[in-house]
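This is the structure I have questions about; it appears just below.
As written, the chains take the letters A, B, C and D, and residue 1 is the first residue of each chain.
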Amino acid sequence: MNVDLAFDLLLAAALLWSAWRTLATPDIFRAVILFIVFGLLLTLAWARLAAPDIALAEAAIGAGLTGALLLDAIGVLRGRKKP
Amino acid sequence: MIRSAVVILAALFAAALIVAFLDLPPAEIDLPAAVTANMAISGVDHPVTAVLLNFRGYDTLLEIGVLLLALIVVLAVAPREEVAAPLVASAADPVLQTLARIAVPLMLLAAVYLLWAGAHQTGGAFQAGAVLAAAAVLLHLAGLLPGWSAPGLSLRGGLAAGFLVFLAVAAALLTEGALLQYPPAWAGALILLVEATLAVSLGLILAGLFLFLS
Amino acid sequence: MSTGLIFACGGAILFVMGVAGVILHDHLLRRILAFNLMGSGVFLVLIGLAQRGGVPDPVPQAMVLTGIVVAVAATALALTLARRLFALTGGYTLPKDGDE
Amino acid sequence: MSDPLVWLILLPLFWATGAFLFPTRGAWLAIGGTAVQLWLALALAAKVGAGGTATHAVGGWGAPLGIDLAADGLAALLLVLAQFVALPLFLYARDYFAGKAPAFWPLAGFLLAGMNVLFLSADLFNLYVALELVGLAAVGLVALGGGAGPLAAALRYLFATLVGSGLYLLGVALVYGTYGTVALATLTPLVTADAPRAVWLAAGLLLVGLMIKTALFPFHYWLPPAHGGAPAPVSALLSALVVKASFYLILRLWLGPFAPLAVAAAWLPALLGGAAILWGSWRAIRAERLKELVAWSTVAQLGYLFLIFPLLGADGLALHAGGMQVVAHGLAKAAMFAAAGVVIQVTGRDAVADVAGVASRLPVTLFAFGLAGVTLMGLPPSGGFLAKWLLIDAALAHGRWDMVILILVGGLLTAIYVFRVLRQAFLLPPSSERRRVKHRPVAILEWTAFALAAASVLVGLRGMEIVRLLGAVA
C-alpha cells in the first residue's frame, strides 16, 4: 500500500516536472523530446489508473504520432534555417 | 506584468481545484453498475469497447467526423509545392530500412490482433488503427513510402470508409427504433464490421495526417 | 489518498500549466505543446475524480479515448496551419497586432 | 424520414462526406441537402410548437447510460435559423468560389452538422464533441482564405477555441466526478444551490469556456481578424451562426441544470455584454476596412444577447428578446457580409473609403446592406426593432433604467457606423481611379444578400410565431 502510494506520488511529480521542462526549456527540440517523455510517463499513469486502453492509445497516438508530427515540423524549421 | 498575473491566477485556480477535489461526496449516479448490467446485450465483453461503440457510440461517430474533418483541412491547407523534409532525406539509412522491413509485418499482425481482442479485452479499432498508422509512418521515415500528395478517389474512399460505414449502420438501425440501436442478436457482428472498417480508415487518416504534411 | 485523487490533483496542476503556456508563449509549436499538456491534464482529472473510490469506470475511459483522438486531430490541424504560415512568413510566431 | 431530429444530424454528415469524395459535386450536394434540412427543421418546429419537447434516445438506452437528443422551442428556432441562413449562403458561395476552394463544401457540411448536433444534444460530453466539430470546421474555413493574414487569424481563433473547449471539458470532468453523469436531464434535479465547491467551479469553467467561444468582451480579440479575414461566405456563416451556437449552449445550461447556481452570477454576463456593445461599436466606427467594420459590429451585437441574463424571469420577455436578437442579427449579419463580399469582389478593394460611389453600380447590394443596417439599428418594422423593444420592455419590468439607456446608446452608435458606409456608397462620387471593375458581379450574389437582408426586416412581422415557439422552452 505504502509502496503504491510512494510510486504514485513519484510518478505524478515526474509528470509535472517533465511538463514544466517542456514549457520552460529554451530549446524547442528538447521541448519536443521532453514532451514525448511526458507522454510515456502518462502511459504509466494510465496503467496505474487501471486504464490499459488509454495507456495503449496514449503511447501510440499521444506520445507517438503527436511526437512524430512535432519532430517533423522542427525538421522543416531546421532545414530552412541552416543553409 | 501580464506574465506574473497569469502565473498567480493559474496557481490560485489550481489550488481551488485541488481543495474542491478533496471534499467531494461520493457520486450519486453509479454508471459503472449500469454498464455492467447491460454488458450481456451490448454485443461485446469488454466494457470500454461497449461504451465506445454501443452505449456512447454516437460520440465515437462524431469523433471520427472530427478526425476526417481535420484531414480535409490538412489536405486543403498543406503547401502543394513539395518541400523535401530533411528529416526524411537523412533518415533513409540502411539500418532503419532493415528495421522497418522486420517491424512492419509484425505491426500489421499486432493491429489484427488488437482489433480482434477489442471485443473481449484491451484493444479495439483505435489502437489497431494507431498501430497501422505507425507502420506507415515508419515506412515513410525509412524512405520506403513516399509522402502522399493529392489523394485520388480510391484513397479518399479509404479515408472516408470507416466514417461512412459507421454512419450507414447508425442510420440503418433507425429501423430498430432509434439511431445506433443494435439488436442484441446482431450487435456483436455489426460492431465488428464497424470496428474493422474504422481500424483501416483510422490507420489511413492518422498516417495521412503525417504523410500529407511531410 | 487514493491513486485517482493523486492523479486528479496532478491533472489540475497540469491543466493550469498548459493554459498558462498557451497564453504566454509566442512560439506556435510551444503553444501546441502547451495545448496538449492542458488536454492531458483534463483527461487525468476526468479519470482520477471518477475513480477516486478505486473502482475502474469504463465510461470516462471511453470519453478520454474520444478526447485523445480529438486532441490529435486538433494538433494536426494546428501544425498544418503553423507550417503553412512558416512557409509564407519564415517564422513560427503570430504577427503582433493591436486588436486587443 | 420518420424522425426529423435524427435526419437533421445524419443528412449533413452524409453530404459532407459526399462532398469530400466528389469535390466537383460539392456545391449541389450541399444545396440539395440543406434544402431538405430546412424542410425537416420547419417540420420539427411545427411539431415542437404544437406539442412541447421532442426527444430521441440514441441507441435506445436512454440517459444516463446512453445519450439523449432533445428539441424544445429554443432548439427548434435555432435549427430553422441555421438551415435558413445556410441555404442562401451556399447558393452565394457556389458563385463566389466558382469551383475554387472545393474544401469549402465538406467543411461547411461538418460545420452545419456540428451545429445541429449541438442544438439537439442533451449530454454534456456529447456537446463537447459537437463544440470541437464546430470549432475545428470553423477554423478550417477561415484558413481557406489562404494568405498569411487569414492563416494567422485562423491560428489565433484555433487557440482561443481550443482553450475554450479545454475549460469546458474540465467543467464536464468536475461534473462527472461529482455526480457520476453528464446527462442534462439526470443532472437537473441533482444540482442545488448548496452544491459542492467542485460544481461551482465546473459552472464557472463551462461559462468562461463558452464565453471565449462566443467572443464576449474581453474574449473578443480573436473574432475581428478571423471574421474579417475569411472569405465572405465563411465570414457570414461564422458571424451569423457559429458564435450563436455557443451562446445557445450558455443559455441552455443557464436555464437548465445550472439554474440554481446561475442567479448569483447574472450581473457578470450583462456587464460584459454592455462593455461589448460600447467597445465593439466604437471599434466599428473607427474601422478602416469594410469587413473589419462588419466584424466589430458582430462583437457589439453579441453584447445585447448577454444583457438578457439578469432579466430572465417568469414573464419570458427576456428570453423572447434574446431569441429575436439571435434570429434578427443572424439574418442581418449574413446579409451584411454577403453584401460586403460583393463590394470587395467588384471593387477589388477592402477599405471603407473605397466604397465611395459604389451604389450606382451595385444598387441591389447596397440596398441589402442598408436593410441589414436597419435591422441592426433596431428601426421598425425589422426583427432588430422587435428584439430591442422586447429587451427594453424586460429592462423596464425589472426597473433597469441603466440598461434602457445602454440599448438606446447602442442603437445610436450602430446608426453611426452603418451610415458611415451608406454615405460613402450613395453620396460620394466615385473617384476615376477606382472605377475599373475587376470581376463582373453575379446576380445570384447580389440577390442572395438581398433575400437575407429582406428576411431580417420581415421577420419582425412574424414575431408572434417566434414568441410562441419560444413559449415551448423546456
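Just so it is clear, a contact is a pair of C-beta atoms (placed from the backbone, for glycine too) under 8 Å apart; a residue touches a chain by one contact, two chains touch by 3 or more.
It should be emphasised that the depicted structure is a prediction, and the values quoted were computed from it without experimental measurement.
Touch-path distance (fewest steps) from subunit A to subunit D is 2. The chain pair C-D and the chain pair A-B differ in C-beta contact count, and the higher one is C-D.
Per-chain Cα centroids separate subunit C from subunit D by 27 Å.
Between the Cα centres of subunit A and subunit B there is a gap of 19 Å. If each chain is reduced to the centroid of its CA atoms, subunit B and subunit C end up 17 Å from each other. Centres computed as Cα averages put subunit A at a distance of 12 Å from subunit C. The set of subunit C residues touching two or more other chains comprises 8-9, 13, 15, 17-19, 23, 45, 49-50, 52, 56, 59, 61, 63, 65-66, 69-70, 72-74, 76-77, 79, 81-84. Across the assembly, subunit D contributes residues 125, 129, 132, 136, 139-140, 143, 151, 174, 177-178, 180 that each touch 2 or more other chains.
Taken residue by residue, subunit A touches two or more other chains at 53, 57, 61, 65, 69, 73, 76, whereas all remaining positions touch fewer.
Per the contact rule defined earlier, chains pair up in contact as A-B, A-C, B-C, B-D, C-D. Per the touch definition, subunit B reaches subunit A in the complex via residues 48, 83, 85-88, 114, 122-124, 126-127, 130-131, 133-134, 137, 206, 209-210, 213-214. Across the interface of their complex, subunit C is touched by residues 4-5, 8-9, 12, 15-16, 19-20, 22-23, 28, 31-32, 35, 38, 42, 45-46, 48-51, 53-54, 57-58, 61-62, 65-66, 69-70, 73-74, 76-77, 80 of subunit A.
Here subunit A touches subunit B in the complex through residues 52-53, 56-57, 60-61, 64-65, 68-69, 71-73, 75-76, 78-79, going by the rule given at the top. Residue ranges of subunit C in contact with subunit D, taken from their complex: 8, 15, 18-19, 22-23, 28, 31, 35, 38-39, 41-42, 45-46, 49-50, 52, 59-60, 63, 66-67, 70, 73-74, 77-78, 81-82, 84-85, 88-89, 94-95, 97, 99-100.
The touching residues of subunit D, when paired with subunit C in their complex, are 125, 129, 132, 136, 139-140, 143, 147-148, 151-152, 154-156, 158-159, 162-163, 166-167, 169-170, 172-174, 176-178, 180, 221, 224-225.
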